[in-house]
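Each of the two complexes below includes subunit A, the first together with subunit B, the second together with subunit C.
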Partner chain A sequence: MGKMHHILLKIGPAAFRIASAWRQPLDQLAGLYRHYPAPGEGQVDFTVRLEPDKPWRRHIRPSVHIGGDFWLPDAAPLPLAQGLLAAEMGMNLQMALGWRRHLLLHASSVKKDGKALVMTGLSGSGKSTLSAMLAERGWRFMGDEFALLGLDDGKISPFPRLISLKNQAIGAMQNLAADDRFGPEMKATPKGDIRHLVPPQEAVTRMEESATPALLLFPRFGHARELREMGQAEIFVRLTQASTNYVALGESGFRALTRFVDRVPARAMDYQSIEQAEELIDGLWSKLP
Partner chain B sequence: MTQKYRAAPAEDLIWHDLDSMKLLYHRPSGITHILADPAPAIFEVMEEAALAATEIIARLTALFDIESGGDAEEIILARLEELSLLGLVSRVPG
Partner chain C sequence: MMRDARRLVDALRNPASVEMLRGSEWTDLISMARAESLIGALAHRIDHAKVPDRIRMVLQDAVEAHDLARLQALWEADCARRALADYPGKIVLMKGTAYVAADLAAGRGRSIGDLDIMVERKDLPVVENALLDAGWEWVKPDPYDDQYYREHMHELPPLIHRERDRMIDVHHTILPLTAGPTPDAGEILASAVALADGLYVMAPADMVLHSVAHLFADGDLAGGLRNLWDINLLLREKAEASASFWTELDERARLHGLADELARALRLAAALYDTPVLPSLAGKATFTDNFYVRRLLARDGYGRETRKLTRLAFYIRSHWLRMPPLMLARHLWIKWRKDGKPSG
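Moving on, here comes the complex of A and B:
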């Protein structure tokens, strides 16, 4: 094993050490995370390692194997050109499998009027794109991948890592955000075309501020515009499916999630354009108590 | 000998209402169950006693509007067996 390079990153409440056999993905990360604070060496929660798939592949057509404190055996190696994606996937994996201080929901979140809007759904629902768009239109970005639900206070803590734009969302955001906020475009990754976007500055400087959740949406892109009420049982089941650590948290997870379902109004939202979604969200938001 | 059933101790169970359903968190297993009628009512009438299915039906009939005759006993027995497989009810020799 050759020398490993590393950088430290703090995103919301979580501190990461990213170690890599190559400089390139770390230089890209350091550039994109340049406005984020660096944690001390002793404060790291997780380590992510980007290593050669095989020792001899460090230089010959290198491919990146993602390792870390927590890992999945079937994580396929990625080409070095997608090393940045590997680092981001590695950080997500550590959070999903290892974080215990909050209930983790696969959800994006944005904030306005001191309250949080949480959007959850399957891949392709548009939750990430919606959060990125709303963040350019008067909402504060809190996160596009995980909403961290406080076990005791029921608040949402921001986890504003890089926004992972996929396919058509890349072009849409390029019309809205300055060029220096984008990472390299990675074509034909296992997740499609990917380009990372740095969240607005305020999302980073105020990433320690939690917010009370005021509205939960289950967006679904590509279906005729509609808002639907949902039963609490359906909401609860879908949120347990959206959580990566509900089972691991045991009773404290049960108490946090039941309180969330009791207190936060929820709707299923079908939409066909960002403008439509924004109109539906503004309508719901203006009627909140 | 009549098969009797006893509900898991109340301190092992956390209940939560969800519209028409009830959530039940079982502390010893850490598993969350979603129960529809009549399962929550069965727990309500069992309290901590060891009861036969016929006794449970008698208590249910006294508290709730249950159709007389028919297959009530079969239904309650089937639910009790399901709940015992989940570890929420235990089978006690009569």
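Moving on, here comes the complex of A and C:
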């Protein structure tokens, strides 16, 4: 068998072992995650495996197959230059298919005044960019990919992995954040241009602190500024679609989600610029009970 | 890093053995158990052992995931029962669904994918139409595959339910028609045992022999550690429940032409899981038993498949067993031309 290297990472409540046939993605991960704590005793929740797609693909035009404890049969391989992205996708995959200690919402989240703002929407809605921007403007970053909803306490737990910036968001954040917080720029990946950003230090040191959700937004970038009320049934159905483990959790997932929809005010928010979004969010936030 | 699945087998056989594990060895054990679909069984088995906190949570997740899988499997079986309410013949549940429906030890923590049922061969068209009426659809609309299934296999091409997205395999016997042994399907149906809801499961000896046939006469031993674990638990529970079990098992194995396969299963279960077996049925250990053990343990601590050559040998063997050589050549030729690689 080909030799494997690995590193261990802890992000919020989850611990990972990332094993790879190549050093390069692991060295990049180790650099970007250098301020994160290590999992205790070498024990983790999930193993991610980055392996050559075919045996000869270790050296010749190396291509990375994403596998691990949980895997999808039709995952397309990535070139080794995108190995860091492969590792991040592998961790997301483990969470999406294997995590059961929270209801997973495909959403970003930030925190202020001890309460959490949760933003969910389709790819391109701007939820990830919004969380990264707000994190540089007085909010604490909790996560850009998954919001973890507590099954018993209804709180949101942070999952502050690297922020995955796409396309125009890369340039916008480069104006705000220091150079040493960025990973390598990866052009023309299956998800467009991608560059990873290390979250602000406080997001990492306080990643064990959960927060009560106070507002849920469905942002939509590129449409004329507007806030809309939404019916509970629509919110519920859209959140079941935004959850990767709602079905797998059975009754406890249903209870957590209905309680969330009952208690957390929600709005659809259309916006055309970060400044607009911030103004709308501040307006809603200041009127919360 | 662990180089083979020996420690996983040790943990299942002797739960106290896990207390010797140190640090990252636990992570290796979990990855191997997940890859072999034995994480649920492991979680139940080492329930009382001293386990580090994070691993305890991982195991608890597995217990809950499999509790839900059990409910879903029973629900799916009930959906099929209702869809076939007007069918007068016996509907026999098979494999994992049968184990949970009959509340057997082998069902605890077992992963269950498709619903497998068996009916009489002459009734296949009736059953097929009833399922199609109730919302199941063909998965493989490929004419070659479809014809191949109908002429040579022991089951209909798989059907999937359009709303619940769950598969059903409708069998009429327990081995492909092209395989060497020809089990007596009529006898299996005649001896099947009724459950409270009107569905059936196989009689104890047949249930064991179906698992044996599946492991040795019909596959490349993928998932073999899990199948052998099923066999281990079935043997222990059934032998305990009935004094005549070993006699029945012997008779049924001869009837179905599976005596050699049974002997091999008994030897391997005893070797890996310490299963108490009747020595006269298990026969003498052979040199090739070692080869089987090598294949069954071919998994490393990262969860990777190892021993590629051994795996390949068993892959070729699985096709050889299922088909006469000329037919195999024709089948592989058609499959290769179609998608560039061989598949089941």
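Assume the second predicted complex is superposed on the first by the 287 of 289 C-alpha atoms of A that agree within 3 Å, B and C clash if a C-alpha of one lies under 4 Å from a C-alpha of the other, contacts with A are read in each partner's own complex, and residues count from 1 in each chain.
The working rule: a contact is a pair of C-beta atoms (placed from the backbone, for glycine too) under 8 Å apart; a residue touches a chain by one contact, two chains touch by 3 or more.
What you see is a predicted model; the values in this text were computed from it and never measured.
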Subunit B versus subunit C as contact partner of A:Val44, first or second or both or neither: second
Partner chain(s) touched by A:Thr258 [first = subunit B, second = subunit C, both, neither]: first
Broader residue contact with subunit A after superposition on the shared chain, subunit B or subunit C: C
Partner chain in contact with A:Gly250 - subunit B first, subunit C second, else both or neither: both
Which superposed partner A:Gly192 touches (first subunit B, second subunit C, both, neither): neither
Partner chain(s) touched by A:Arg101 [first = subunit B, second = subunit C, both, neither]: second
First, second, both or neither for A:Pro79, with subunit B first and subunit C second: neither
Contacts of A:Val237 with subunit B and subunit C, given as first, second, both or neither: first
Touching partner for A:Gly124 - first (subunit B), second (subunit C), both, neither: neither
Residues on subunit A lying within both footprints (that of subunit B and that of subunit C): 250
Partner subunit B, residues of subunit A touching it in the complex: 231-233, 236-237, 240, 247, 250-251, 254-255, 258, 261
For the subunit C and subunit A complex, residues of the former touching the latter: 1, 23-24, 26-27, 30-31, 34-35, 52, 54-55, 57-58, 61, 64-65, 68, 71, 300, 302-304, 306
Contacting residues of subunit A [partner subunit C, same complex]: 1, 4, 6, 15, 17, 19, 39-45, 47, 49, 51, 68-70, 98-101, 248-250
Subunit B to subunit A touching residues, read off their complex: 14, 16, 18-21, 23, 25, 27, 30, 32, 34
